[in-house]
Amino acid sequence: MEQLFYLSDLFGVAVFAVTGALMAGRKSMDLFGVMVIATVTALGGGTLRDLILDNHPVSWIRNDLYIVVAALASIGTVLWVRMTRPIPETGLLVADAFGLAVFTVIGCEVALQHQVPVSTAVIMGVMTGVAGGVMRDVLCNDIPLIFHKEIYATACLVGALVFIGLRELSTPHWLDTSVAMLTVLLIRLAAIRWHIALPRFHLLNRNE
Amino acid sequence: MEQLFYLSDLFGVAVFAVTGALMAGRKSMDLFGVMVIATVTALGGGTLRDLILDNHPVSWIRNDLYIVVAALASIGTVLWVRMTRPIPETGLLVADAFGLAVFTVIGCEVALQHQVPVSTAVIMGVMTGVAGGVMRDVLCNDIPLIFHKEIYATACLVGALVFIGLRELSTPHWLDTSVAMLTVLLIRLAAIRWHIALPRFHLLNRNE
Amino acid sequence: MEQLFYLSDLFGVAVFAVTGALMAGRKSMDLFGVMVIATVTALGGGTLRDLILDNHPVSWIRNDLYIVVAALASIGTVLWVRMTRPIPETGLLVADAFGLAVFTVIGCEVALQHQVPVSTAVIMGVMTGVAGGVMRDVLCNDIPLIFHKEIYATACLVGALVFIGLRELSTPHWLDTSVAMLTVLLIRLAAIRWHIALPRFHLLNRNE
């Protein structure tokens, strides 16, 4: 189980790195830029969570594998695209949803180990899932996608609530983990399939 | 006194969250985006200060109330604006100036508890007051307002200097706190009233 | 030797602050904005490194001199430019390359003191060198220059590898430091002289 979780985590890192590398490509960055954006997308959310929780050492500081996986994924993306095969969009979205599910559950779990209130644990789950993507968009000089696109963070939010609710009921660990991950995955896939978005808040731009 | 200070702090959080929510509305973000921008505006400055000072746990990690107040303030803003009553601009600016005053003094106070030099305490006061707004503007893809608008951070700077100066003189706590807060408030309100701005540094954009 | 290193560090802070102030001037910021951008450019990389490594207190928290040097450098830049003498571009680029070399070596050194793997030490060296500039560009609402311009971070990367390689061979401290700094300096100056850039990764902007 632990082993499976660790592998899922690395898979999430790889997928997020691919989305970062693709975004960097859309901005015509050079190879260094591609690797930085990919790595920040993959590891930024977990790093921010660890800093705020004072959870040291930050995961990738002592374990090379995270950086290596992110670097290989970004190089792989560039090579793949150079060979003119487009990345299969649907496959990538599904993989990204899976990564999101893993990161959310890990974020909640780490937070709960620090004896924080439930609301903080939920925020840490969402932050672990989405903050890397926010940093990616800020570095690429875009308004973060998740602030105005179809449901994304909301999937994390519901998944985090399910996870923590089940934990309170002391269900077996494999059960709360699986159900919470499935929740994130299903909401996200439904949002992609039917283009479900949250209502938006429009305000006229006044001269200040 | 402690109680009053804590209430002022929560009031500052609420006001800053409102300014964040309004900015998110100007960028047509969805409800999740509104809540994130509001929360980051309200809690970002204090969080950055705590991380740099290694002052753990970060305030809102153990106390739900900060997040709850920020969330309620952002939801309240959306509902209020939906009911087509515009937010009274002047009232908001005054409230924001009050929040700025509270945050500046809190920032200095926390820094002084960590036995840092005076210059660092001043910086921490200013940072607590303005960094949340800077993060808000970066996430909204704007050049931070405080870098080119009427006097804002300078009010914090003078207030922080007054606070620390009085502290050195060992004045009673209620006195240095009140005088420093009044200083920030008055400078900021004067700047709004008469559109006072710092001189700007213009440099032609050369091709690099 | 220690003394020389400390002086080089302060020199790096001053030079980076000047580049920050000039960028702020190109965005017509006010004096407060100029000082913030200058300070973030000069101290941002080292601060981020210290936070991630949990290396407290962050350098400038206990030692006023870093902030003072950054502030004086930014005020000096504004005065210099106001007197209509343009900043000598070439001199600035060379000075910046020197600062980059110092920061890279310091970053690696601090990381190695925390018993991290070699790959992490390399990343910390590069991060110390370039993250301040990335923050400067994000705050100025530009895509970070180092993601799409001539070789910059790559110079840090090679210098960091050289430094750590020599360290493994237990060469004298003055030797590994000097050789690594020279490596960064020469690669960077060559890149400026002959406009050497990394290959870029172009991807058509598809509608998502």
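Chains: A, B and C, in written order; residue numbering restarts at 1 for each.
Note that a contact is a pair of C-beta atoms (placed from the backbone, for glycine too) under 8 Å apart; a residue touches a chain by one contact, two chains touch by 3 or more.
The structure presented is a predicted model; accordingly, all values stated were derived computationally and were not measured.
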Category of the chain touch graph - line, ring, star, complete, other: complete
Proportion of interface numbers common to subunit B and subunit C (over half same, under half different): different
Interchain centroid distance [CA atoms averaged], subunit B/subunit C, Å: 29
In subunit A, residues with contacts to at least two other chains: 51, 138, 141, 149
Contact footprint of subunit A on subunit B as seen in their complex: 21-22, 24-34, 36-37, 47, 51, 56-58, 60-64, 67-68, 78, 81, 138-141, 145, 149
Sites on subunit B touched by subunit C in the complex: 51-54, 114, 116-117, 119-120, 123, 134, 138, 141-144, 146-149, 152-154, 157, 197-206
